[in-house]
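Dropping the structures in below, format is structure tokens.
Note that subunit A is present in both complexes that follow, paired respectively with subunit B and with subunit C.
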Partner chain A sequence: MERKNNWKAWLYLSPVIILMAVFTFYPLINTIGISFLRDYDYTTGANAGFTFDNFGYVLGLTGIERNGQMVFYTDVIRYAIPNTLIIVFVTVPLSIIVALLIAVGLNSIRWLKSIFQTIFFMPYVTNAIAVGMVFAVIFDYNGLWNFLFGMNNTYWINGGASSANGMFALCVYIVWHALPYKILIFLSGLQNIDKQYYQAAQIDASPRWKTLMNVTVPLLSPQILYIMITSFIGSFKEYSSIVGLFGKSGTSGQGYNNMYTVVYYIYDSIKNNNTHLGSAAAVMLFLVILVFTVIQFKVSKTRVHY
Partner chain B sequence: MAVLPFKRKKTTPEIVDTGAMSGSQNVDTKKLKLVIRVSSLSVESIEKRDRILKIVSTVLVYAFLVVMALVIILPFYWMLITSLKTDTEIRATQQTFWPQEVMWSNYADCLGRFNFPLYLCNTLIVGIISTIGTLITTIFAAFAFARLEFRGKDTLFTVFLMTMMIPGEMMVITNYITVANLGMLGADNPVGVFASMIVPFWVSVFYIYLLRQNFKQIPNELYLASKVDGKSDWNYLWKVMVPLSMPTLISIFILKLMGAWNSYVWPNLVADNENYRLISNGLRTAFTTTAGDPEYGLQMAATVLVTVPLLLLFIFFRKYIMRGVGRAGIKG
Partner chain C sequence: MEIRLVNLTKVFPGNPKKNIPDTRAVDNLDIVIPDGKLIGLLGPSGCGKSTTLYMIAGLLEPTSGEIWFGDEDVTRLSPEKRGIGLVFQNYALYPHMTVYKNIAFPLTNLLVEEPVLDQNKQKILAFYKKHVKALPTDIPTHKKGETVHNPYTKKDEVLKFDCSHIAGDPILDEKGNQAYVTRKRHLYKLEMDKLIRETAKLVQIEQYLTRKPNQLSGGQQQRVAIARALVKRPRVLLLDEPLSNLDARLRLQTREEIKRLQRDTGITTIFVTHDQEEAMSISDEIVVMKLGVEQQRDHPQEVYNNPRNLFVAQFLGTPPINMFDGHVKNGVLTIGNDKIRDDLPKDIPEQDVLVGIRPEGFLVPAVNKEHTFNIHVDMIETMGRDISLVGSNEHCLKPTFKAILDADTEVKVGPLAVGVKPNKCFVFYKDTEERII
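And now, the complex of A and B:
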């Protein structure tokens, strides 16, 4: 019986294992391998041997000799990395706080609750490209944003808008798009909190915001941790939203890639047959995400209450 | 006796004699009343103040929710009305919240130049085939992990879960090289292009996890009963487990279909040819004048066409979508 089940189980698992071997495990190893190859050409497999330079080149630390001069590539270090960090450290905390407030509000009302719930979930069922284009209209020079806030003569997404303005529009869009998932997760967490805690808080006459900070947030900490980890990973990989908002060029009309993110660079590397550099960037991204995730798990050990 | 809310810490309860002690040595406790005096407030005024506070806070909560709901809805509304405006009105300094002249012709122009039926067809082919493939592999794997016993089960499952932490960008480069070197990306090779948009997405560890949780909830007794009846594992899986897990399977089906509708990055890499584009890829490049200025009215009409099917799906399958998406957070 035991033995029979053994091979049967592997038979049931075989489609998944084969597919994951080809499209997950092999690529993982292969990409790490490519990142150490000099001048790798994926169409022929030709390369010039083992090197660590790809990492240095992506980060703008190592130059490449061209016409007798050392050329440093700085798009990643100047635009992609700062942009990625801004997206991560602005949109993740902001969207978590707003989503938490909305979820707490939704949880405390009865009238019209399901209509509100439906509305707040709507951005989730949208196409990132399509809505990005809508935000491009809103943030146009003659768009709704400038009209509503009386900001004439401000470019946000095109016409040579400054990087800061471009990032602002991008962050607004990302937060808008990130809210529904977080609200949903927080709301399902809130509904599982025992009402007794709130009754106890009421008897102690604790004010509402204190109840929020001292009862709701700690009891919701598993969900908050989950959301933090997933949205940190997600916003390190922001790509479609940038294409949606700025178009395929990855610039706010400055003439260079000032709206680049790390992932944007990785995808560009495929088109430019620079996969060894793209792989190096991917490996670094992976390591950074890994470190962040480990830190969050470590912090969670002392802060999260299960 | 009214239930007294204890609202302040510095309160001294006192007993008010309402005639219980007069004349008799035995105290009639039922006539004693507990009164808490808070800075000269009576029970009635405390209750009144509480009610007012509650109304005020409820109003504030609703106000906050209404404002946020407007922020959420505004882009949808703007998309809709922009799709009905003339180009001059869209670019006017004075923005209007209702089109002065309703331009239904935007939609006709849009359908004339944006090959919506083709993109729709491509997206449905990719979406449905990759969804069916995913469902099959997911059912098999979840069954093995939930019901069967084999060596290395826990280790394998942990390894699977760990792959969810790895950014997909690690795989994309090599996967692109794989399909490109297999010669699948030629403009004259529709089967190859579609296969490369479908096959890599036949596995989803997250859905395996979701379905395994669901399978595990099915009581063991059913399995043993079917064994007594002489049913094989295969029959048990399709006759008992799959029908019982229908809600989860429907959730997976819809979410996966939505994923195909929204996928941009990978199709953009592999389907360079106009004829094989999916809906998102066709959308972004559509309707830009030769000077590089976007034709916003037409763009928004196309955007409406892409968004409405999703919203319809959401309205009809709201329960399944929200349950499927929300399931992730429950276990933390």
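And now, the complex of A and C:
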């Protein structure tokens, strides 16, 4: 590009750059800054100076003196982090496998294909909170789930349901809600695979599962990588599904925050004017996601075939 | 193995609502492909040659007709059971696998039969030997968990065997004391490796085994594709436009390669092409097709020398045959006022005909002064070994025609009287376009 025209390019880009600077870059950097400030007040900006204690407090390592006693805050380390990890390592692989199988199935049928595609895509256009409310009804004490599977005395999401039951209902809901987008991506990827690969596999008497594992999956690996990275990041940030399913309490009725996730904690902190703690948690989450994504890219170098 | 196509027909259904008629891609094709020969299916695009190939492969189901591999009717057999190797036009090599794995892929699915000593059969035989004096001539086969009545004991006692792994009839060796069953198993890694390296050597790609297909040139990829088709020792090798993705030089080299491979392996090979030169150069026989119908099947030279109709005559040969309007009367063939031949049978009724003269069918100077063909020489192209003469005649169906002459022939631009070789001059009916002589 010629140099004299540069200012024009900047002019055209300026609306986006300004908006992003105000609403993305500045908050991003400010978050890191706030995470190192003691007792930050977001209305006035007042703080008590630089500290590392926010991180320690979030992780339950640093206590706060209250009534002459050291109090440790352990909800994050006891609930939010385990719950988030369960969500990430259960729902992401599960939903990818299920979505892949459904996509392969959809791709191989001819009859009613478009109708089934529409049906499977429906959850995507449905609001997460609305879906959560429906799932809350399904997993109610008198709900469909208990009726179908004959579990008469089981609480799943309220009435003091155990954390395991709550997580189970949550994972079912997250997987179901995550499927349509993945199916869509996989299906478009599948349609781009040359039919001749399958004909060649057929002539070589390859069994179906082997064709799936040795031909379809490797040829779909760019889409699988994309889905894996985006849904790992998305799952680390899981929040709205908990609100949808359990209401605004963050608990399955146990009286404490046993359904917390990391992002749920961040939102709660900001609500309670603990912005510095929320920022500290956000920075740590950012680092964890960063490390995970880098690992995935490293692994994918040998496994993904473009 | 001989391949027979009997009344093979493939109709692709149209859509009556949208007024799309049915397409008869292959129409009543009857071909016998002799064992161990290389056959070229030749025709312009849309003539049904690829459809025929895919039907032989089993990837398309014929609408009617039969396909026989030797004595076996394979018409309704699925592709994997036919024992064929297919080389796709764009090779369809798996991009994520190395060359080695690509070639190994068919082998990993292959089941081989081998006779193995059956422990259970041996137990039964031992049992019979112990309790029965004479060894039975035929041992009954038993199913798993079956209770076996021993017909040879007098007490009619019920004996139980563990017949868990018995399959097939027992095979006794000459001593009559060993039991074999045929067992199906996958190939062992070492066996595979041996086959892969042998095949790779055959197509000369041993040094590329660790590469991925996209690190190879087109010709190398094609050889990998052939190796993948050959490695499982197919009964039939099918090649779909095998040379169309290669550049001109590589094409010459590869077609010799294919011919050599076919001769070395002796596998019945069918290949599809629209390039007549390619088909003529390597095929033992060619089948010329047009709109799903077989036009002519013979040795390449025979098809060239004796085309059955105008289509075959025009399709074979470069430069193409030159066509003229002619007239037959009393066994004399004329183009305009020029007598070309007078050796035609007298019983051909007088009529207008089409005359085809091969480019190499012109004689300069004319030998017989009575039979000369007056043309105008427009241009002379020197091509080294021979010269190409661009001429015109008012009765030619095209503005100009081409003649190939010896390089030392002396010609000048201007009017010229040439002779015509009778065996390079074909006469066709104007309406049916069938050959008269």
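Methods note: the second predicted complex is superposed on the first by the 303 of 306 C-alpha atoms of A that agree within 3 Å, B and C clash if a C-alpha of one lies under 4 Å from a C-alpha of the other, contacts with A are read in each partner's own complex, and residues count from 1 in each chain.
Rule of thumb we're sticking to: a contact is a pair of C-beta atoms (placed from the backbone, for glycine too) under 8 Å apart; a residue touches a chain by one contact, two chains touch by 3 or more.
None of the values given here were measured: they were computed from a predicted structure.
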Inset, instruction - For A:Met151, decide between first (touching subunit B), second (touching subunit C), both and neither. - result: neither
Inset, instruction - May I ask you to decide whether A:Ala205 touches subunit B, subunit C, both, or neither, giving the answer as first, second, both or neither? - result: both
Inset, instruction - In the overlay, answer first, second, both or neither for which of subunit B and subunit C A:Val71 touches. - result: neither
Inset, instruction - Quick one: classify A:Val215 as touching subunit B (first), subunit C (second), both or neither. - result: second
Inset, instruction - With the two complexes superposed on chain A, say which partner A:Ile109 touches: subunit B (first), subunit C (second), both, or neither. - result: first
Inset, instruction - For A:Asp194, decide between first (touching subunit B), second (touching subunit C), both and neither. - result: second
Inset, instruction - Return first, second, both or neither, reflecting whether A:Val294 touches subunit B, subunit C, both chains, or no partner chain. - result: neither
Legend entry - Which of subunit B and subunit C A:Ala21 touches, first, second, both or neither: neither
Inset, instruction - Would you mind checking which one, subunit B or subunit C, touches more residues on subunit A? - result: B
Inset, instruction - Name the residues of subunit A shared by its contacts with subunit B and its contacts with subunit C. - result: 202-203, 205
Legend entry - Residues of subunit A that touch subunit C when the two form their complex: 194, 196-197, 199-207, 210, 214-215, 218-219, 221, 305
Legend entry - Residues of subunit B that touch subunit A when the two form their complex: 5-9, 57-58, 61-62, 64-65, 68-69, 71-76, 78-79, 82, 90-95, 136-138, 140-141, 143-144, 148-151, 153, 156, 160, 163, 165-178, 180-181, 199-200, 202-203, 208, 233, 258, 261-262, 264-265, 269, 279-280, 283-285, 294, 296, 299-300, 303, 306-307, 310-311, 313-314, 318, 321-322, 325-326, 328-330, 332
Inset, instruction - Sort out for me which residues of subunit A touch subunit B in the complex. - result: 2, 5-6, 8-10, 12-13, 15-16, 19-20, 22-28, 30-31, 34, 42-43, 98, 101-102, 105-106, 108-109, 116, 118-131, 133-138, 140, 142-144, 147-148, 152, 176, 179, 181, 184-189, 192, 202-203, 205, 208, 222-223, 225-227, 233, 236-237, 239-240, 243-244, 247-248, 263, 266-267, 269-271, 275, 278-279, 282-283, 285-286, 289-290, 293, 306
Legend entry - Sites on subunit C touched by subunit A in the complex: 57-59, 78-81, 84-86, 88, 90, 92, 94-97, 105-106, 108-110, 228, 232
